[in-house]
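Input: structures, listed below.
Next come two complexes built around chain A: one with chain B, the other with chain C.
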Partner chain A sequence: MISLIQNEVIKLLLKKKMILILLLLLIFISLFSYGEKYTYDKNLERLENLSGDMNYDWKNLATQRLSDLEKRLNSSYIPDEGIASIEIEIEQLNYFIENDINPITPSAAKFSVEFVEQGILMFIPLLIVILAADLVSGEFSSKTIKVLLTRAVPRWKILLSKFIALIMITTILISIIGVLSSIVSFLFFQRWGFNEPVATGFSLIQGSLNSDYVVLVTRFQYMLLIYSLVWYVSIVLSSITLLISVLVNNSASAIGILMAALISGQFLQFFLSDWTLVKYFFVTNLNLTHYLTGSYQIIEGMSLEFSIVVLSLWAFLSLFVSFQVFNRKDVLV
Partner chain B sequence: MFKKIIWPILSFLSISLAIVFIFGFIFSINIDKGTQEDFIEPIEGEDNSLETNNESSENERDGLQILVLGDSIGFGVGDKSNKGIGIRYKELINKEEIKDVAVTNLSVPGYESGDLLTFLESKQNNSLISKADIIIISIGGNDLNNIEYEDTLSLDVNFKETIKSYKENLQDVINIVRNLNESAQLAIIGLYDPYSQEEPQKTRLLLEWNYETRLIAYLNYDIAYIPTYELFKYHLDSYLSEDEFHPSSDGYQAITQELFNILNGIY
Partner chain C sequence: MDANVLKVSNITKTIKNKEIIKGISFVINLGEILGFLGPNGAGKSTTLRMIVGLSKPSSGYIDICGYNITNDYVKAMSNVGCIIEEPNLYNYMSGYKNLEMLGSMSKGVTKKDIDEAVELVGMEKRINDKVGIYSMGMKQRVGLAQALIHKPKLLVLDEPTSGLDPQGIHDFREIVKELAKEKNISVLISSHLISEVQMMCDKVSIINNGEIIQNGSVDEMISTGEVFWVLDDSKKGQKLLKESFNIASIIDKEKLIAIIDVKELTTINKKMIQSGMDLKYVGTKKKTLEDLFLKLTEKQKIL
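What follows is the complex of A and B.
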């Protein structure tokens, strides 16, 4: 079994598409971090122009905000709900003032989180599809499936070894994205920023944002959380990709079907958001990370647990179907 | 050779990373869950404060009740004698031989109009509002001051959004107050311009802001608008405190005098 997995991993690694994926990553990361650096510099310039000859003084603004918040906290008439979020903002501001960091300065850690948050809907699924779409269908189109199946191992073992190999490579790919985006953006921003405090744990209750139980974590921990969610999404996507790859006999149509599903999913979210069935579609649930940041959700009644359950169901179902189909499939090539 | 080295490294890396990711995954689910389970607590806290407020207000039933709502200017930031508009107004009235004036200041420095609205919606101070005879509201300065912008275009766009929500919030605030208290005299303090000639762009927006506030005051029953822009215009040096943003003691006295003149006329 292990030698089967080893075989599959080596096959995945030695294909040219691994280089393609790395190249894509490198190009996108450098482009985006250059863009972010550029807009940041422009903004600073504008702010300095606006305030005349003086340097744009964020520290003054931050201290004023801080004393504002502290006064607000001392007022005995403040509603109880507000206190926790004020305390967290004070703590964040204190950190930035003490360490002499402008809160809006881009940092490597911030960038790598933003990168996957933006990429989780299209870019990361695309990488997974490139990686996995021809996992089984490629064997059919290049007719190597015959050689594979003539070995004295049951079919399910072959598919399982392919799946495990895929999960291993996906895991490594996600961490490569993290490491690469941190390093490349560090070259642009010259700042790691792993220790900055980040607020997380917002939740939407009855349509309004509730920040009572927000937790403060360092940006490094936050990055781990976000990447874990991205990893989970990628595993689910690989299972679905595996299913398509088993069902279809050539890689081109496998990629086509998956990209169509991803893109139509995005459209569905916007145009059919009143239709409750949409929230059971896997593409609608891909954006797990926004539950941690508390951003606006498009469809009512979706929560982190809900999305995770839906995604798991999709993954299990597609694994089940792909094993059934692969076991019974006639190999006619 | 390459294949032999890469396999153990890869398998070790992927397994350990997978474990890290699984832990992170479980942790992030727990973060999200924790927030929803604990949500019942703050409601109990609200009830307590409601009771204490009822007690304190029942003691002050007789005489004239002045209530100040709003932001740092209502609170009295910058006033060295810590009187604020409410107590200064009380002093002016006392000169006219009216005794038994009680001042309650519910202002919170830093409040924007949205904060004031949620503050009123929390219903903690309903009894205070319903018993007040004069309600002084100072709000909007932080809304205007906290508009974020990069250039004049984005300033204009963001200003339009901010003033729109400000108007809605102010109207809602007035509605809440009026529902609780039909007879009280309301007074809204206008904005002054602490920047004088430095930013003509902002002055224009501030005047537009005051105009909208005035309109709202005009459209509602029994609301006095207290202009401060004209008061401060030629006296910024003496009317502003050291932070060059909030009024000084003299500035507060000028605002209060204007309020008094508008409500009571000159004796």
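What follows is the complex of A and C.
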């Protein structure tokens, strides 16, 4: 079994797709970090002009905000639910003032989180599709499936080794995205920012933002959290890609079908959000990270738990059907 | 262990409600080369694919070295090596890497086994080049090596020489014949090239429209029992055949032609010489396999 997995990893690596993927990543990361650096510089310029001072003093503003918050905390009118979130903001501001960091300064850690938060809907799925769409279908189009399936190895083992190899490469890919986006954006921003405090744990309850569960974590911890969610989404996407790859006998159709599913999924979310069935479509549930930042929900009744369950079901079903079909398939190429 | 290396019992295959294979049975014994002859679309490839596990028969059994291919897949398949149509290898790897990878899928294949197979097919010099730049002939050789690295008892070759030049066909044929003779490997070879089957195989099965229409050894199939003599006096010979053996014969120019049981030929010849005839030449007329094949399949159009 180990040698089978090894073979599949070698096949995935030798096909030079990893080079294409790394190149795409490098281009996108560089473009986005440059863009962010550019907007930041522009913003700073604007703020300096606004205050009329050459040295726009963010520290002054932050201190003002801090004393403001402290005053509110002491007032007896504040409801109990509000206290937690105010305390957290105070803690955050204190950190920035003590360490002499402007809260809006971009950092490598911040960028690498933002990058996957944005990429989780299209860019990362695209990379997974490039990586995995021809995992099985490619063997059919190059007809090498004939030498692969005439060895003394049962078919399920072959498919399992392919899936395990895919999970391994996907995991490596996600780590590479993290490392690469941190390093490249560091070159632009000159700041790592792994220790900055981040507030997380917002949840939407009946339409209003609930901050009862908000905790303060470091940027690095937050990054790990976001990346593990992204990793989970990628594994689910890998399973779905594997299914399509088993069902379709050529790589081009496999890529086409998957891209169509991803794009139409985005459309469905926006135009058919009243239709409750849409929330069971895997594409609608890909954006796991937005539950952590407490941004708005597109469809009523979706939560982190809901999405994780839906995605797990999709992954499980895809794998089940893949193995069934692959085991019975007649190889007629 | 079963003496039959391959035993196919009454297999059928239905694809999309069309019965492609209508009950085929045959056996191959140790060291035997069986030729599977049939026109395009006769079901040769489909049958071979079922034997190597690429597709499953709708009914019937296939046993390889006594192991049922459905119930004992791994044991059955570890005795089979095959090339189905052109050898499809991973183009982006070297020939050696291909062999190493496919070898690792069978139990107990060592580096020595791979080297031996490479040497056998004569690919030592180019084995480390990428398969993508190989010629068809070289791919075929590596394809054969791939089928041999795990030392199978049965070699299944589906139209192995299509796409090869005459030299390639010759080399390929020699290698396969040698394998059967020296290593006692049984070979099942499908082809629509009659000459190829005639040159390589001990036994032939002619298949058409999903059925075996004739089975037998090549010699049996092509002998017609027709014998001719060249005598100084054909008339006298004709009379002798009629009187002594009750065999009708005709005279065609200088030849005396008769249909006899070939076993009796020696007796007849002796008698002729004893009767004082001058026996200049005696020969048997063989049908070509081609005649037979065309005769058997002539009425079959693609249904």
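Quick note on the criterion: the second predicted complex is superposed on the first by the 331 of 333 C-alpha atoms of A that agree within 3 Å, B and C clash if a C-alpha of one lies under 4 Å from a C-alpha of the other, contacts with A are read in each partner's own complex, and residues count from 1 in each chain.
Here, contacts are C-beta pairs under 8 Å (C-beta built on N, C-alpha and C of every residue); 3 or more make two chains touch, one makes a residue touch a chain.
Worth saying up front: this structure is predicted, and the values here are computed from it rather than measured.
Asks: State whether chain B or chain C is in contact with more residues of chain A in the superposed arrangement.
Replies: Touched residues of chain A are more numerous for B.
Asks: Thinking of the overlay built on chain A, is A:V236 touched by chain B (first), by chain C (second), by both, or by neither?
Replies: neither
Asks: Based on the superposed arrangement, let me know which partner A:V113 touches: chain B (first), chain C (second), both, or neither?
Replies: neither
Asks: So, A:S303: does it touch chain B (first), chain C (second), both, or neither?
Replies: first
Asks: On the A-aligned overlay, A:S175 touches which partner chain: chain B = first, chain C = second, or both, or neither?
Replies: first
Asks: Does the superposition put A:L4 against chain B (first), chain C (second), both, or neither?
Replies: second
Asks: A:L69 contacts which: chain B (first), chain C (second), both, neither?
Replies: first
Asks: Both chain B and chain C touch chain A; at which residues?
Replies: In the superposed arrangement, which is not itself an observed complex, chain A uses residues 6, 10 for both chain B and chain C.
Asks: Once bound in the complex, which stretches of chain B touch chain A?
Replies: 3, 6-7, 10-11, 13-15, 17-18, 20-25, 27-29, 31-36, 38-39, 42, 45-46, 49, 72, 75, 77, 106-111, 115, 118-119, 122, 124-125, 150-151, 243
Asks: Which residues of chain A touch chain C in their complex?
Replies: On the chain A side, the touching residues are 3-4, 6-7, 10-11, 14-16, 142-154, 328, 330-332.
Asks: Show me the residue ranges of chain C that touch chain A in the complex, using the header's touch definition.
Replies: 15, 49, 52-56, 73-75, 77-78, 80, 82, 84-93, 97, 101-102, 104-107, 146, 150
Asks: Quick one: in the complex, what on chain A touches chain B?
Replies: Of all residues in chain A, those touching chain B are 6, 9-10, 13, 43, 46-47, 64, 68-69, 71-72, 75, 77-82, 167-169, 171-172, 174-175, 200-203, 205, 210, 212-215, 224-229, 231-232, 291-292, 303-305, 308.
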